[in-house]
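Some structures are shown below for you to check.
Two complexes, one shared chain (chain A), two partners (chain B, chain C).
What follows is the complex of A and B.
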């Protein structure tokens, strides 16, 4: 009883006071309860894919948003995870429960390698050079079809669990764990160092931070998360094909990340949860089916014209304001700050908000 | 085989150079990583195809009209889509990706995914030293050479070119010296997309027209630009020739070469980057002020 009361107090004081946290809570509970209320196989399938891609998008954000290493070839890690896990489970006959970790490890290795190649590159050079990596991999896959299956990919994989609901819960829980983990990492001391590297690498080095080591670590970490999602997808679809390495997927994750708002972790996840089901839903109409990518691109373009920093920062600025004195966030309809009691005047708050985002 | 390699490398190198110079200029002057650059190349190809086969206008008129039309379209896109979000680098980036996708899907909806062929502008072949070179390839080469010289003239011998180079060098100081940097950005976009459109028009007869034809040259172009050094005219031309020759050698000498040509070319790029991170002719990095 005490624990319950304690939990309720925590919830009221820490979560319900802020609209954004309330939204996250509603979303998590909604995701977990959804199959109980509505277990249509098609909807669950789409949401499973959404969850898997959400891991992928969040891992991109750790690398590109936090560390500023805007990676245009993130599909390499996804594909490395998918192929690594698929080949291991098919050729060696190991249980997929083990090989998804192997896939993540292979992806982390690739992440370390491409991070090593990119250490001296910055800004646009890095983006354009990383775009090449998955294409080199794709060329090799096509050149050695005996090993990789060529165009068809590696098929005939086992699923991790049988049944749509079980698969949904698997993807959903792994998504929540990985995304929450990434968010914790991004919020820790490690994440602060990453922020420093993005904002001014020379200053970070001058402060005694071993930036190459941090960059390699974040490349490997982000690649491992991406490879994990790739392995999950390969075992869910029971095939690891060359589409996991295509330019389109690399661009897709960039669009998700920037659409949702970079350097937030939750932003890309939100973007995937909006954009992926939307494109699938549009694809289910006969007339829209051919045009769904077109509509997708137009929506992205229009949203960006009005919210150039991405969707979640825009929404967050609408529902929350920063206290001018203690810099804590408050819901926008409060008159005084919930922590220090300073008056939250609209104008002061708006000015602070501008400063706070510089 | 040696002659084949020489000719193919030179012709492809010309087309790649036209694309890479434009991309490099837009990046240098306006700081836009224009992913949609080769999509304009694709649009010009479609435009040329339509004017030629559906409306039966002559080759010259069709070419001029498609280049002008695509250039105009690029200006409209710049004003409507890029200009409002110029301050947000990442937003500009995905705006150009979205533009490329939109063009691809529009063409897919309008023409379907088939490979469309365009008849050669000039028929016939020329025999040089035992190898037969179609006149079409010679035309591509000639147009590329003329356009490269014209670009050099424009950039280094005109006042607008001077302003463009000044803006690329230092945007703020150029602005303080009274240059209209926004107009410079627009001129650069129009000029660069014009180059891409010309490349699209002359290269269509030797490559098929289809909605996904922008992706392959996009990657090659990015590799060339990174290899040669962003913002360097000389680097773009030499990078284009290097990549084109590497591709030609791979295709003609290795088994499975057609699959590997991209991988080998990109591998060369990565190798150069390891040795010289700023590309062959790029300026070494300085901290942004």
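What follows is the complex of A and C.
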């Protein structure tokens, strides 16, 4: 009873107190309960894919959003994980429950190597260099078709689990755990260092931070998460092919990241949960089907035009306000800060008057 | 009043009428020429069958209803699998036909087999699809490949045509060992064929003078053609799927080359090729599927009807027509739509289709035979696409060589 009361108190004081956290709670509960209320195989398939790509998008955000290492070739890690797990499972006969971790490890190694090669590069130079890596990966796959399956890829993989509901729960729980893990990392001291590297790497180094070590660590970590999602997809589809390394996938993750809002972790996840089912839904209309990419592009453009920081920061700014004194977030309808008691709206009004005088 | 009663009657009858139809999903990249042909071939079969009253299922006539499913498979494999799941679980289709990109079709095959749905392929060539049937028959037996022949058989066709062209070159040039230049675009699909050519051509008493690999989108192949001329090649063996096929045809004509081009030139299969190559691509030849020749008695009427309806010749993906006709024959033979009964019926069937006479092996692949399932070869002669191989088919015309 004590534990229940304490859990309720925690929920009331830590989660329900902020609209964004309440939304996340509703979303998590909704995801976990969905198959009990609606177990349509097609919907579960779309959501399974969505969960897998959400991990991929969140992993990109840790690297590009938090650390400023804008990666245009993130599909390399996705493909490395898919192929690593697929080949180990098929050629060594190892259980896919083990090989998905191996896939993540292979991707982490690729991440470390990519990071090492790009350590001295910044900005657009870094992005262009990373863009080349999956192309090199594709070249290697085609150069050794006996090993990689060439253009066709590796097929006939074992499934991790059978049945649409089981696959959905596997992807959903994996997504929640990985995304929450990435969010915790981003919110930790490690994450603050990543922010510092992104904002001013020279200043970070001057403060005694070993920036190369942090950058390599985040490259490996982000790649491991992307590789894990690639491995999940490969065993779900039972195929790991060259499409897992295609340039289109690398750009897709950039679009998800920017649409949802970078340096948030949850932003790209929200973007995938909106855009992936949306494109699929548009495709199901016979007359819209052929225009779906156009409609998709228009929606993305409109969001970026009116919400330049992405969708989630825009929504969050409308439902929450920052306390001018303690910098903690509060719901917009509060008059005083929930933590330090400082007036919220009056402070804002005064600040606006000051801006008016200037 | 009479209109109201009629409307009510129609509204009441509509669900029953819908329940009577046989739903077939046409899967393909609908924004691309392959998907367009998948759909066009299926439409022709549907209209023909429905006009005749439908398919007889246990004595009752049922019409065909097509469900168009854009798989977007050229761009995304997951999209392709989603499309298959959607048509099976949402649209409740009875059969699946189509597919193009082998990597995607392998993944689509898995979804179809999960639901034990018959899937008649009409685009992917990779042998792995059929190997699955042989390795795990109980799971994959619902898969059949209607077109094209599997990749190794495609190579056999190429060699058979090249053998005939080689003999003509020998007669024309009075040489025992014609020289062959291989020009293959830089792409994964050409690599195995190039290796096969390098190993096989010496056994056919032909010399390989070199292999050139331009980009699939190259607009100029002067360097390659100059080298080929210097090597005194008699035959230019092409493996080209991109616009480089147009550049090659045009520039060979401009250079008045004595060598003849044969192989796979996807652009050369299109009706627009002559115009695109500025009327210079005389003597360029390529493998193809459909022409107005009697591959079977059904070929000419089908090609003519297709051209009349869609304004251009069909590509091999239009064999979705044959896929539906095979289903029709099997359903009428077994008197039902139970996939487990249809599979043995199709396995034993010899179906005279529009592209050839189809029989299936233990992998549910087409049994390869010249003149039956091998396809045809065509040559551009003075602005016309002229079919010339296999020579024993009625309607074939002589292969021409440039004046030497």
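Observations on the structure shown:
We take it that the second predicted complex is superposed on the first by the 346 of 358 C-alpha atoms of A that agree within 3 Å, B and C clash if a C-alpha of one lies under 4 Å from a C-alpha of the other, contacts with A are read in each partner's own complex, and residues count from 1 in each chain.
The rule we apply is simple: a contact is a pair of C-beta atoms (placed from the backbone, for glycine too) under 8 Å apart; a residue touches a chain by one contact, two chains touch by 3 or more.
Given the structure is predicted, the values throughout are model-derived calculations rather than measurements.
Counting the residues of chain A touched by each of chain B and chain C gives the higher count for B. Once chain A of one complex is fitted onto chain A of the other, the partner contacts of A:233 are limited to chain C, with no touch recorded for chain B. Applying the stated contact rule after C-alpha superposition, one finds that A:142 touches each of chain B and chain C.
Once the two complexes are overlaid on the shared chain, A:202 sits against chain B while remaining clear of chain C.
Looking at the shared chain after the overlay, A:241 reaches chain C, while chain B stays out of its contact range.
By the touch criterion defined above, A:338 reaches neither chain B nor chain C. Across the superposed pair, chain B and chain C both touch chain A at residues 142, 290. Those residues of chain B whose C-beta lies close enough to touch chain A in the complex are 27, 33, 35, 81, 84-85, 87-88, 90-91, 93-95, 97-99, 101-102, 104-106, 108-109, 215, 218-219, 222-223, 225-226, 230, 256, 259-264, 266-267, 269-270, 273-274, 277-279, 285, 287. Of all residues in chain A, those touching chain B in their complex are 70, 117, 120-122, 124-125, 127-129, 131-133, 135-140, 142-143, 202, 247, 251, 254-255, 258-259, 262, 290-291, 293-294, 296-298, 300-301, 304-305, 308-309.
Residue ranges on chain C touching chain A, taken from their complex, read 30-31, 68, 70, 72, 75-79, 81-83, 85-86, 89-90, 102-104, 106-107, 110, 126, 128, 132, 188-189, 191-192.
Interface residues of chain A, counted against chain C in their complex, comprise 40-42, 45-46, 49, 142, 145, 150-153, 155-156, 233, 237-239, 241-243, 248, 280, 283-284, 286, 289-290.
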